[in-house]
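Questions regarding the structure given below will be posed in turn.
As written, the chain order gives the labels A, B and C, with residue 1 at the start of each chain.
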Amino acid sequence: MKLITAIVQDKDSNRLSNVFIDANVRATKLSSTGGFLKSGNTTFLIGIEDERVDEVLQIIKETSSSREQFMAPPVNLDVSMDAQVPFPLEVQVGGATVFVLPVEQFHQF
Amino acid sequence: MKLITAIVQDKDSNRLSNVFIDANVRATKLSSTGGFLKSGNTTFLIGIEDERVDEVLQIIKETSSSREQFMAPPVNLDVSMDAQVPFPLEVQVGGATVFVLPVEQFHQF
Amino acid sequence: MKLITAIVQDKDSNRLSNVFIDANVRATKLSSTGGFLKSGNTTFLIGIEDERVDEVLQIIKETSSSREQFMAPPVNLDVSMDAQVPFPLEVQVGGATVFVLPVEQFHQF
């Protein structure tokens, strides 16, 4: 048994939850905030059998990896800013930080 | 020293807190939601000396075990539903998922 | 790699976050409540390289240690209570509970 602690951006949190449910992976979600990341994030606690650790890591990687995305321009864009701020802007979203922790005992009551 | 991580239903959370206080067990509560369970749950972090692990597990088992309970019928029960939905309904409540984690260092500042 | 789990009082939480950012220590914050402590507290999850564990512990110790502080008297102090409740009152604030956990795998996606 391992306890996987995964911190993902809120943006990816619901989708990850759904993929876990489809894959029959039990995950508990804790609302969290990051030191570096300004936006909110979610901490998942996932108890999983040793032989399924790679499967869970793969799910997290596919669902929550850091990637570039085009940001929609603000609605009231001042025409005079056009030259300085070209749109669409490419921004980095997502990203997951994952710890696999050893478990000495696991119980379900 | 061990770090016990216990996920219990909100329904049992206050009672478990009180039993921990009476037993002089220091527990920190985190608000959490589950992947499978629709209802909210609470994640307890409990730092405990090795020789008291069994005692803490026993407390969690006694306070938060999964059990069947009779659900009160809804107030405005439509008479025509009587045949299809017999009351009282027996539902499963409670349940705890518990991980005992090894601790390399423990400090209180 | 280690996962440091540190529970500190809300009072010290923002300051600790800032010191972590200045020291380039990545920390995730979870809102929590304590069993013994009535006031709210914050649980930090800090993933850190083995050789920086002592540095992180030192930061927590310097920022969040338990210490005595003089409490401001209540605004509408009844004169007749003067003899029974001398001001200023000295109260204990702060304090941190810290676990250093082993990590089997660490990934950033």
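FYI, a contact is a pair of C-beta atoms (placed from the backbone, for glycine too) under 8 Å apart; a residue touches a chain by one contact, two chains touch by 3 or more.
As the structure is a computational prediction, the values presented were derived from the model and not from experiment.
Viewed as a network of touching protein chains, the structure reduces to a complete graph with every chain in contact with every other.
After Cα superposition, the angle needed to carry subunit A onto subunit B is 120 degrees, rounded to a multiple of 5.
Subunit B and subunit C have CA centres that are 26 Å apart. Multi-chain contact residues of subunit C (touching two or more other chains) are listed as 30-31, 101-102. In the complex of the two chains, the subunit B residues touching subunit C come out as 1, 3, 17, 20-21, 25-31, 45, 47, 101-109. Within the complex formed with subunit B, the subunit C residues making contact are 2, 5, 7, 30-36, 41, 43, 53, 57, 60-61, 64-66, 95-102.
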